[in-house]
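See structure below.
Order as written gives the chain letters A, B and C; numbering starts at 1 within each chain.
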Amino acid sequence: MDMLLSSPSFAFMQVLNSISLGMNLFIIAAGLSLIFGVLRVINFAHGVFYMFGAYIMYTVSKDLQLGFVTGIIAAAAGLSLIAIIIERGLFQWLYDKEHLMQLLLTFAIVLIMGDLAKIIWGTDQLSVSYPEGLAGATNLGFTFYPTYRLMLCVIGPLIFLGLWLLVEKTRWGRLTRAATQDMEMLSALGINVPLIYVTIFIIGSALAGVGGSLAAPINSPTPGMDATIIVECFVIVIIGGLGSLWGSFVGALIYGFVFNFGSVIVPNWQDVFAFLLLMIVLLIRPWGLFGKPEREGH
Amino acid sequence: MNILDTNNLTIDFGGFIAINNVDFALKKGEKHAIIGPNGAGKTTFFNLITGHLPPTKGDVKFDGNPITGLAPHKIVKLGLARSFQRINIFPRMTVFENIQTALIARDNKSFKLFIPASAQNCQETEELLALVGLDGEALEIAGELSYGKQKQLELAISLAENPSVLLLDEPTAGMSPQETAVAIALVDDVAKSRNLTLLFTEHDMSVVFGISDRISVLHHGEIIASGSPDEVRNNSEVRRVYLGESDDAAT
Amino acid sequence: MSWNISRGVSITCFIVVLLLVCVPLAESRYLIDLSTEIMVYALFALSLNVIIGFSGNVSFGHAAYFAIGGYANAILLTTYGWPLIFSFPAAIILSAVAAAFVAYFCTRLTDIYFAMLTLAFSMLVWAIAFKWRSVTGGDDGFVGVDVPSFIDGRVPFFYFTLTVVTISCAMLWLICHSAFGQTLIAVRENLTRAGFIGVNTRMMRGVAFVIAGAFAGVAGAIFAMYNRGVYTESAFWAESAQVLIMTLLGGMYSFFGPAIGAAALYLLERFSNEYTEYWPTVLGGILLIIVLVLPDGLVGLAKRIKTRFGRVNNQ
């Protein structure tokens, strides 16, 4: 705590840490929020998708030495493929069933993919190196800061912009937004609703994969990393508001700051903080900062 | 004596004013129909009265007592029951249990943890079943009944509350002419034998002009006419709204 | 006061209890332990079903009350030296109070947020149990529970568990078949309509939640003594997920379903662990089957087979 007050560069570094953490989390949380916004399902498997993204990055960049950017692309592609298989193979049979069944399906995916990761990549913690151009630190004048994290601070907003343009400015985006309001109506208008579902699922999952691949150098791929990230995502999307892009962005930033400054000020109690924050938001304003209140009733 | 009053009742859905300053009075003992083109706001109007929607402005009084903003279950206890346009029953319970549960709720026994459900209000349940003509189907699963019988069950559940006022939202929707005649005869019988005041929405004009004492016409969230069937039939504004609409449809 | 118990049900229950009473006679430690654990989980699953099957809500954090019951009983018995006659009810009351607190806020929320809040609370309980080393033992768990002497032995403890679980199940059965229980089913079937017949649905679901929490606390309190320790895993979401799957596997639309599901899942896990270390995958597979094919669980499947059979016989 004293360090924060006495050293402005330390404090500034914590700010950057919060932003870079937030941006990384945003990419992942945005996917979760997007899927919920349209499909009305909380995809518990989002955590294992992230984990697979990280593992794929390991395989592509470290094992196969094909480069970091290739790793990102591979993660996006790999998760897109997985998403298609899951959505067409399993999920589509449950659209008219109760939400509980859909949630449980995503949970079944968590269980299965979790074991799959262990089988493919083993149970040891793997390490992924920083890409050459982004390793090391940048001189910001009054302090040095890891270049990779700076990249995250830049990429996050870029992806946000891309998603925002996609959702707000394209015809597809307009259809998707309409889909969140009235699925039946769209179907009656002849719009290919299953296609919208699949596309959303793919984009959301790909985002998780990309987020995971980007996180790989920082958070070494290891079994169980899905559990940590899914909780963080829950906190973010609840704070920000399920289904809201702005919500994921702001929520992720808030989480980044609370977590970072929390672990500096009150070390070791970050976990409690996270769940406490989650509970408080649910108690006071469950639809979060940018979400819309839903009416009671099934 | 008005058993139900609304004053300046308004609901504004963020710019879309579904019900606009409606002053409405329901006389005790009458059968009052609310008609109007689709989208006029009939179901919304009902939702405002039964506590399912809080109004933006205005108030609702039941028997002189304000009920605006009360929770639905409290309004039901005051004697205002309602049936629904879409079938709204308890599908996986038996027909018998559907009605029995309503009676248990009426008698405020819902929270009794240690009295057996099966033994409650059995005779009264059977009477209600007989009243609506479902005594043969007591042990059937409600969700598996035919549409017409489900509507009868709907009616029975509403009656279980011993209401003094019954709101029926399109009671003959989706019915053939024979089914409609049977359903309306039943409603009429029940209203007479139980001294009910009836407020209902309908599209079937033969029903409306057949049994109503008074009719009100709702259009774009406002009441444009209210009176006896003859008065409404001859009202120029009503004719414009209805005949005007059908002219558009023709072109 | 006619409780309308079908003959089949009463005979089956009688036989099951009789069999359980005879278990210690087989003189197999394995069998006694297995039966004790299954009984505890059966009660745990039955309690969860009051929320899911009977009021139609989903809880992803039911383990919280199991854990609170366990920790409370363990701590009161051991750290504070309370006699069981006080610690046991106190543990149940604490679970019930926690459930009441959560229920008060949960019942204001719609489905998704309801479920998220239950999850958040149980993880909060987990996190606190994890950090509060001085009281709960933290990561190492609360070990060395002071089990009262009269049940300090495999067989006496078994009969203690059998008694408490049987009484609890009986109480739950009565509650679920009472006026309250039937109204609760109506709330599950059609929330809006239940409101329109004069039921205070919010209060109903709240009371159901508290009852569920209390009986989960009973299960947890027993387990703490059986295990002679309470560990943070008891509150972890995996525990909540497991009991949820037990409930669904057995069948959420029947009273005894969850108990059957608990036994089935427990035995399946034991069996699976003999052959593979990938129990999560097996569990995932079971879950997929439930979700895609058997939403009404094993009991539902049995009912459907019975009707099929009946139709065939009637021809």
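FYI, contacts are C-beta pairs under 8 Å (C-beta built on N, C-alpha and C of every residue); 3 or more make two chains touch, one makes a residue touch a chain.
Keep in mind that what you see is a predicted model, and the values were worked out from it rather than measured.
Visitor: Among the chains, which is located farthest from chain B on the basis of C-alpha centroids?
Guide: Measuring from the centre of chain B, the most distant chain centre belongs to A.
Visitor: Quick one: most central chain, C-alpha centroids?
Guide: Measuring from the global C-alpha mean, the nearest chain centre belongs to C.
Visitor: Can you check how far apart chain B and chain C are, centre to centre, with Cα atoms defining each centre and the answer in Å?
Guide: About 42 Å, centre to centre.
Visitor: Taking the mean of the C-alpha atoms as each chain's centre, how many Å separate chain A from chain B?
Guide: 48
Visitor: Report the inter-centroid distance (CA atoms only) between chain A and chain C in whole Å.
Guide: Taking the mean C-alpha position of each chain, the two centres sit 33 Å apart.
Visitor: Mark out which residues of chain C touch at least two other chains, giving numbers and ranges.
Guide: Within chain C, residues 192 contact more than one other chain.
Visitor: If you look only at chain A, which of its residues touch chain C in the complex?
Guide: Listed in rising order, the residues are 40, 42, 90, 93-94, 97-101, 103-105, 107-112, 114-116, 118-119, 231, 234, 238, 242, 268-269, 271-272, 275-276, 278-279, 282-283, 286-287, 294-298.
Visitor: Within their complex, state which residues of chain C touch chain B.
Guide: Its residues touching chain B are 1-4, 174-175, 177-183, 185-186, 189-190, 192-201, 203-204, 207, 253.
Visitor: If we count contacts the way the header does, which residues on chain C are in touch with chain A in the complex?
Guide: Residues of chain C touching chain A: 52, 56, 58, 105, 108-113, 115-117, 119-121, 123-124, 127-128, 130-131, 191-192, 241, 244-245, 248, 278, 280-281, 283-285, 287-288, 290-292, 295.
Visitor: Using the touch definition up top, name the residues of chain B that touch chain C in the complex.
Guide: Touching chain C from chain B are residues 50, 52, 71-73, 76-77, 81-82, 84, 88-93, 97-98, 100-102, 104-106, 109-120, 157, 160-161.
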